[in-house]
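You will see subunit A twice below: alongside subunit B first, and alongside subunit C after that.
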Partner chain A sequence: MQQYFENIINGIEKTIREDPAAASPRKKFALEISKLGRDLYAGRRPVAWCGIVAPFEILNAMDITSCFVEFIGAMLSSTGAVATFLEGAEQSGFGTDGCSYHRSVLGAAEKGIMPKPEVLIGTTCPCTGGIAVIENLAKIFNKETFILHIPQDESSENVRFLAGLIKDMVEFVELRTGIKLNRNRFLEAIENSNRMRNILGEVYEMARKVPSPFNGKELNNFGIVMSLFLGTKRGIEIAETYRREFSRRIESGHCGVPGEKIRLMWIQNRVQFKNSIVQMLEKEYNAAIVIDELNSITWQPIDPDDPYTGIARRSLSIPFNGPVTRRIDHLKKLCELYKVDGAINPNNWGCRQGAGSRGLIEEGLKEIGVPVLNLEVDCIDSRNFAEGQIRTRLEAFMEMLENKRS
Partner chain B sequence: MYYLGIDIGSLSCDAVLIDHSERIIASSVVPTGARNREAIERVTEDVLRSAGISHEDITSIVSTGYGRNRVEKRDSAVTEITCHGRGVMAQKDGIDLLIDIGGQDSKAILFDENGAIKDFAMNDKCAAGTGRFLEAMARVLQVDINEISRLDAGAKGSVTLSSMCTVFAESEVVSLIAEGIEVNEIVRGLNKAIASRTVSMVKRLARNTSELSAAMSGGVARNSGVVRAISEAMGCGIFVPPEPDTIGALGAALIAKEKSKKMSA
Partner chain C sequence: MSKKKYIGFTCAYTPLQILDAAGFTPYRILPIGDPPDRAGQILHDNLCPNIKRILDRALDRDVPPLEGMVFVNSCDAMRRLADAWRRIRPRDRVFLIDLPVTTEEHSISFLKDEIARLTGTLGEWSGNEIATDDIEKSIKKYNRLAALITELNEKFSSNNMTCSRKEIQAIFNRAVTEPIDSSIEFISNFITENDKRSNESDAVPVYIFGNVLPDPEIFSFFESCGAKIVSDDLCTGSRMIPPVDISEDNSPFYSMAKSLLMRTPCLRTMDNSKPHRFGEDIVQRAKARKVSGMIGHTVKFCDPYLLRLPAIRETALKEELPILLLEGDCTMRSIGQHRTRIEAFIEMLR
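Moving on to the complex of A and B:
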């Protein structure tokens, strides 16, 4: 796997060396992700496997290479090699109706291609499946797990509780890794985190323009993965590259999807393996995915004098946390801000949280006149991807939206 | 001026030829089989022969159905959802909802007051409750697929199928036969099961089905037992056009005419 990431890094760096104009924001993003992937497998620094809302700036400030486990599932899917790992998980008794992000990670661990962690930090948000994976990894690697219990709402007691728990997590990590959290490094990480947050806020705001300056692939899997760069200069550089490029495009009147006619929101996560969905939407229907649910800033800058409280507030602010009505309000707000014509919900196979909220999301968005297309897609396992059936649903949805606009 | 609509479904390939006044001049339905290009050629030749015209007389062709992109001579391809919607609107005014059950999928289409598609729902990947499901059950019951629609006559409705999975339902039907349950009761049970699944899909679009002006298209609409079961489950009447399996092709032909008009405007 390390070689896989090295090859991507070398390929991107060579392209940029030969043609500096090819250094697009997406390439920069892909380069930094690949470097993170390489670091995970290089064995030079301790590794922490985490849940999605873990406080990555703290771990980054401690020079611990940290990542949420679902990243590996997405990566294996994008390589086209995920089937082996899913089958491995099945052979170990994990049912095929579970989340394939998690199953693929379990299969990868069974086959020995998950880097050995020093620590594991589970988060109870966004789902319990993630915690089960963390606990399985803990058993496989014989390591201890720290669980960050994320309360369901942002009351001051809950913020205090979570801030205290994050402090406990730091102690846990320090004890298991022997690495102390340096106060100055921590403050620097908070400053970096806030700068990245502010720049990303500007990037997302630019994406609201009609027509949108970017296309449906440039901010694919973006917000959620950017959280891995919290507290780092890398994160600021990526965000800055996007801001610079989008500003330039807006000034020059560049349109991400030429002749943009339909503006779409993508709910939850994208399909991770190679597929033609975005290309089809853009080329055949001039439809642009202008906002992904996970590309938004839902938290305030963190006060360096009280960083644990700020980090706790951010973890609590994730719209996946708490009742689904909160998530629906968030989606409605995004639809209005980004002037969305319709939304696509892939309903990732095996995602209980997604399945349970699907109907309520559909109804909620219909209230503001935004139709939702519910697909039945396994975002990881291409073997469950019936392209013809998906195309028919997408095309019919586009025809309906085109007709509505005309 | 003639306009051709071709609907390449998983079980049948249909063509409808209309003239400038939207009058149906000819239609044809053939099994799609394993080579859909041959089926496309056959239906095209059929309607041309019936109408006594040649290819050159056709102003525009719109294809639809899962094989819509296989029609080489198409001017454009439009999904079956849009085509069935357009087709049924030409058959009856004031339709609120269309149920189309084809060979491998089923769909419910909700219209607004202007007849435009407001929303739609489709079955998931499973083919339960579609034409293929009925075909498999007819095979187990050793009856002709065209005959199955009449076989529920006089049934009391005492049989309930617990599974709609084609494979499990098949073994369940085998068990019912072994228990000596009459064929009409089993067929009624199958119809009720299809109705239950279809109504679940419809209710995703409209909670109150009893006041809907509903219609049904697709090959399964020829099965009066299924239509009756769906009608009972929805609590409303269901309009079935005289040629329900060619509604998609008719819609495609009408869209071909509209697109052609727009192009020349």
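Moving on to the complex of A and C:
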């Protein structure tokens, strides 16, 4: 795996060297993700496998290579290698009714291609399955876990509780890795985290422009993966590259999807393996995916004088946390800000957090006149992907949106 | 206040003592009956059948008049159930208890605060502040009920009850749907009336674990396959009413929180220091019952169990305890499809 990431890094760097104009924001993003992937496998620094809302700036400040486990599932799927690992997990008894992000991670761990972690940090948000995967990894790697209970709302008591828990987590990590959290490094990470947050805020604001300055792939899996770069200069650089490019595009009147007619919101995860959905939407219907659910800033800058409170607030702020009405309100707001005509919700098979909210989200967005297409797909496992069926449903949905506009 | 003022609940982690102390009758909405399947349209078909059936009962108005609902954030599906409930019964008062995953001190402390918050809310719902004395009395009553259920289980397990497991399940269901005083009286009488050595049978002793299996008929079905379910680890069975340890000088809220988290757990709970301990404990409990084998019956799409069953199976195999894993949807029709597998398993154990 390390070689795989090295190859990608070398490839992108070579392309940029030969043609600096090819240094698109997406390439920069892919380059940094690949470097993170390489670091995970290089064995030079301790690794932490985490839940999605873990405080990554703290771990980054401690020079611990940290990542949420679902990243591995998405990566294996995007490379087309996931089937072997899913089958491995299924043969070990992990039922196919579960989330395939998680199953692929377990298959990978059993086959020895998950880097051995020094610490495991589970987060109860967004899902129950994620915690169970952390427990399985703890068993496989014979490691203790630390679980961050993410309370259901942002009451002051809950913020205080979570802030205290994050402090305890730091002690846990320090004890297991022998690495102390240096105060200056921590403050620097907070500053970086805030800078990245602010720049991303500008990027997302620019993305609201009609027509959209970017195409449907440029901000794919963006917000959620950017959290891995919290507290780092790399994160600031990626965000800055996007800001610069979007700004240039807006000034020049560039349109991400030429002749943009329909603006779409993508709910939760993209389909991670190679597929023609985005291309079809753009080429055949001039439809642009202008916003992904998690491409938004839901938290306030972190106060360096009280960093744990700010980090706790951010973890609580993810729209997946709390009652579904909170998530629906967030989606409604995005629909309005981004002038969305319709939304696509790929109810990832096995995701109780996502699929379990399907009907309620559909009904919620209907209240503001935004139709939702619920796709029944597995975002990781391409073995059951029926492209023809998906195409038929997308065609019908797009025709309906076209008629609605006209 | 009449004891028939019901508060609905759906999870075995609900602190029933507080509901009782507030003057309400806790009413567990069990996934039984035969309401039409409609919940999948609101949630998703690919979601826990326990949740869907509970919602179907609500959609079918197959619940008594309720003063409110208390949900527990024990898993994704339970959280979604609370969301869906608010949507289909917007006039109901709803409370969601946030339940930590681990059993550490900070989790106990957090849950203690949640129970205190519930107490405040139920006080508002009932119109009376709930006194500590009343909570302590309720704890004692529920401890009595838990002790009776344990006694019933123990006597049945050791062939000292002349009743069927089906009857016991009906008693479990009654204990979480009827006022506690009448349940205590009923179970006490039942134990007295049936406290005799039962006839020897050639049924194979089996331990059952999993989550939700409330239909008494299902236990007759197991018996018809040649199994005697001598003991269980089910949230609609022996895990339904955990006692509260009041031996230490703690506040009632703390004692309840600690007892709830330290109880025989649903596998949604985990021990940070020893991964899969709770799954492994199930195997040890089964072995302690000297059974010939164990059956794991879980509802479909249950992530906490789906992702832990392989570890349990591995432990059972290491311990040379035969194990059969089944999935169902809380109905007789789904378990009926497993007859051949169960019969073959029992044959193998003979």
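The criterion applied here is as follows: the second predicted complex is superposed on the first by the 406 of 406 C-alpha atoms of A that agree within 3 Å, B and C clash if a C-alpha of one lies under 4 Å from a C-alpha of the other, contacts with A are read in each partner's own complex, and residues count from 1 in each chain.
Following the convention adopted for this analysis, a contact is a pair of C-beta atoms (placed from the backbone, for glycine too) under 8 Å apart; a residue touches a chain by one contact, two chains touch by 3 or more.
Source: prediction; values computed, not measured.
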{"item": "Chain touching more of subunit A, residue-wise (subunit B, subunit C)", "value": "C"}
{"item": "Touching partner for A:356 - first (subunit B), second (subunit C), both, neither", "value": "second"}
{"item": "First, second, both or neither for A:403, with subunit B first and subunit C second", "value": "first"}
{"item": "Touched partner set for A:182, first subunit B, second subunit C, both or neither", "value": "neither"}
{"item": "Touched partner set for A:279, first subunit B, second subunit C, both or neither", "value": "neither"}
{"item": "Which of subunit B and subunit C A:393 touches, first, second, both or neither", "value": "first"}
{"item": "Partner chain(s) touched by A:10 [first = subunit B, second = subunit C, both, neither]", "value": "neither"}
{"item": "Residues on subunit A lying within both footprints (that of subunit B and that of subunit C)", "value": "359"}
{"item": "Subunit A residues touching subunit C - in the complex, by the definition given at the top", "value": "92-95, 97-99, 102, 106, 122, 124, 127-129, 131-133, 135-136, 138-139, 144-147, 149, 151-152, 157, 161, 164-165, 168, 323-325, 347, 349-350, 352-353, 355-360, 363"}
{"item": "Subunit B residues within the subunit A interface of the complex", "value": "66, 78-82, 105, 116-120, 122, 124-125, 204"}
{"item": "Complex interface listing, subunit C residues touching subunit A", "value": "41-44, 46-48, 73, 75-77, 79-80, 82-84, 86-87, 96, 98, 100-102, 106-107, 110, 113, 267-268, 270, 272-273, 275-276, 300-301, 303-304, 306-311, 313, 325, 327"}
{"item": "Subunit B-touching residues of subunit A, taken from the complex the two chains share", "value": "359, 366, 371, 376, 384, 386, 388-389, 392-393, 395-396, 399-400, 403-404"}
